[in-house]
């Protein structure tokens, strides 16, 4: 019962087959100067229905930090919600790479409400002493498992742009969000106002496939330099590009995402029927948040269920745990099996 | 005829099999908190005959830049030879990650002579205005294909340490050096005075396997934080550790290196017999440097031989090209075949 | 009626006389290697009743940023209250110099309550992904004009140290705080748990005299390198040291601070009697915060009173402005005259 | 006999008078938002016969490092001669602030010869792995006391610009150079191709007056942010601007420079007549380089003459010291007296 994180899983068979083929192929130029890499940029451009720049990197941390860096001057200030991965989990990498300051704003369940965001931006001081506000970063599906609809992104992107901010999307689980929304990649990103995104394949069924996608291809050269200087230009680059190709091929990525989401829905249903455990809110992709006591959780974990506790520091009062409850996160993946769900149901 | 670089090749079958197995295995904790990673540290400690800290990263650039960062204060100054990869090829990454200044010193064929190094260090200004001299970085096999013997390392390490410098070894082709020397990993590193090394598996037959190896395990936590902040902590970490394990297993790595070196020796012999092409110096591992005219090189390249030109800016007068000659580098790898050598011989 | 900021004023006559004398004196070694600078360190050590390291810099921003840098690893996280000067007004300098991340916590009127701080620190995530929590920074007198008593500092410093944090004090207006407290410099700093402080003379009557004071003199060399690399080692260093000497001489600094504080008390009394203007809270040093309408403020400003509005974003509900009110800050200085207070009283 | 450096001296009387007046004046807005600062920009624009942006800072290190930062992307590479102040004396500040790499090239007596520079630039590798070459920095008068003529600057600036480099001038002793050349400030800078300069007043008779001068005023905002983030925006800004104004007023700065240069010429004549001491080359401004034995120097120093030894590491063979000789630098200043020269002559 592996519900700790979707990056605990291995990789899908088509992805592994592509790695194997890439590893066995004849020598090709290193550092991304190969045909597979060029082909990938065309593939992404087709996927997003416009010319994009795609720069694979090794980790989501690098994708986020370098995306931000591409959009902010070193004296900038990047706005993100206070529990975002960018602001909490990346050991200062966004600040380090960009030189910019992070401004953490509250947002109920990690999603800015446009009028509230506008009010808070208006309240933030401006000018020389405060840095040049430069980027709004959002995550979808976000750190509370919730998906931003294209309309929701459009609304906050409009607020951001009125304030002079570029928009970054942390899409570590982009496939799961897309599978949930049923819209096109273009609708979920640049058509809604996203300028640069972190495009994640690792959690969705690859071994290591993350990329910076810039919807303005004029950013390509800048990001290429930033990536090299960051030690993120992998020499046998086809290791990453082959994974992306196989993952995207024939809608494989969305199939895997739909599976993970469906497993999450089943798991949520199982939990919803249980006593002493309650869903914090309805899951929208492949992450489920539940309230239960530490003792209850410990028993489940002792019986072989892997999952983590989660911070309640930024929860709105109406979302807060009741007495004796703690918040826990359960994540499903492309590799989650019905057997795992059933075993968990049996435990409950 | 792929002699452009050893990072053009794919990966060896045992390494690919290990990646496949890792990708198919049951979920394990992410970010290196898995058994395979723990086992790898034991493996490296056995290999080096002492407890070491091993921190895998995605690229050689990251391994070099973070190794340096582990050894220098941000106000430090890192000494390296003027044509070292660190000083030339990494787009400022060593300076960016460490904050330190690079001091490039000349060294015949990239190898410092101890007395000359001592003289130059004595000449460099010291004190507040000049930064705190902190690290000497050497490369073996180096940028001219030459291998430092344990005695040679010991001699310059003694000079470095007398000056207060820690010693870093860029071991992107460490296996090829070891295969050439026939000594133990310990003799080629810490026993000779190396403090931290960049341990490269990618060029030697992996798809992507680089690591920082610190011979003082007390550096582990510091490097772990630096690595995370650098976006170099790969989430499905076993992708790298599995490759290292398979590569090191049963001496596979040295076997691959011996093959690459033997192919280089054959290629050198072929070249030595040719008119209008001459070896710049005797190769010691898997890189061959030759002088020939641009026209001669262009004809070989047009016929399908891949290789690059190389800078002569730092060559000693006695190593300099003759009129009409340019310098070229040819690299063999674990994947180089006899057929490639024979085809090249036929061309010549 | 100059109540905009205490850095609008010039300098006191003894300070100016010292600058003149320093400028006329015979040549002395540059970069702080002169007798005056050495003497100053003795002077500060006497002042603080222990050996301290004193490193003058040009600005309060530099003093804060370098103080932090001296106390945190580059992968660290610095805790400060959300409206602190460090977190709001320094254009990212603390992050830039230190490499660390800022964690902004709420604190009523900018002063952490120990149990609340402990609770929040416990709530913050720990470990590799979150950076190494390293410093607590407080300001006294703070951004709301309030002074931390030695007991208050002791209490939060104990919480900080139990959490592994060093303590930094932003003392841009340290003299005003000391004058209000009536305690010794030692009691207000290291005896209460402060490790490094920004010691400000500029606002208190100098032209430009800021310093980093480290209560552990072993930090001297590190800070010296950081300062030089920051471009903060002024060549004709006696410009700063002469000011500090004259300012500290014979208690001149505290006399100037007592004057500024007394002027603030008179101004507060004047305001307290006025209709339509109310003190937000009782002032403790030389900054007064008042609520009034924008129209009222505009009339005062049009009549020649200089003062600024202030953010209410972080005010507790019980401190919040009433309908139609805004928050305004008035600052007195060593140069504030009775005539200015009387003119303002007349306006009201 | 103070010949150690021109930053050992105090300040000229008009400059001190201006500081006194600024310190006594009524309160004015802080952080450069005052009339004096605005007036200064007009003054500089008149001086340079075009609109310029002028941003005062506290040190020459800051002026150099921030000038470079204004002209390079963080992944850039800055070319300077190997013994330049930028490359040797600033504790890594240029790399720290800009993020860029320094490329140190040899240049006889610190002055690039255009064809040689072009050849070396052509030799340096280009592209992603090597950083984006961005700036050429020159110093005039330079680290060997030599002045670049407008024609010499034009010639290397043409080479630089053909290579895509912007041109920075380190003008720590700009006044001395101008006094020597007899040309206009415009001719010595932007008319010859300089884009941004470090404009130094401290060594020339101020206490602390350095500025970044950008000949493209569109750089103003960028540099303003960089300066604030660097902790270089002095709050009582008029301290610096008042000095500059008095120094520039009525040609006072050039008068002081002419005095320093004349003293240097007299000192050189005295030295030229002495046995056992010889001029390394003819001085052109206020720095004199001489060869003599360490014993000879020690006797002079013991008798009260202050001067320093100097590195010979980068001297051309024809400039090298003879057996038993070392290189020494003697610097005169606005404050050097005839009596000092005569005393030194008597010693010799």
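Labels A, B, C and D are assigned to the chains in the order they are written; within every chain, residues are numbered from 1.
Just so it is clear, a contact is a pair of C-beta atoms (placed from the backbone, for glycine too) under 8 Å apart; a residue touches a chain by one contact, two chains touch by 3 or more.
If you're wondering where the values come from, they're calculated on a predicted model, not measured in any experiment.
Comparing each option in A-B, B-D or A-D with A-C by residue number, the pair that reproduces over half of the contacts is B-D.
In terms of C-beta pairs in contact, C-D outnumbers the other of B-C and C-D.
The centroid of the Cα atoms in subunit C and the matching centroid in subunit D are 34 Å apart.
Averaged C-alpha coordinates give centres for subunit B and subunit D that are 41 Å from one another. Once the centre of each chain is set as its mean CA position, subunit B and subunit C turn out to be 50 Å apart. Within subunit B, contacts with two or more other chains are made by residues 31, 74-75, 90-92, 96, 99, 128-129, 131, 225, 228-229, 233.
Residues 74-77, 88-92, 95-96, 99-102, 104, 120, 123-125, 128-131, 311, 313 of subunit B are the ones touching subunit D in the complex. Contact residues of subunit D toward subunit C in the complex are 2, 4-5, 7-11, 15-16, 19-20, 22-31, 57-63, 65-66, 90-93, 96-97, 202-203, 207-208, 225, 228-236, 239, 306, 333, 335. Against subunit A, the residues of subunit D that register as touching in their complex are 31, 73-75, 99, 128-129, 131-132, 222, 224-226, 228-229, 233.
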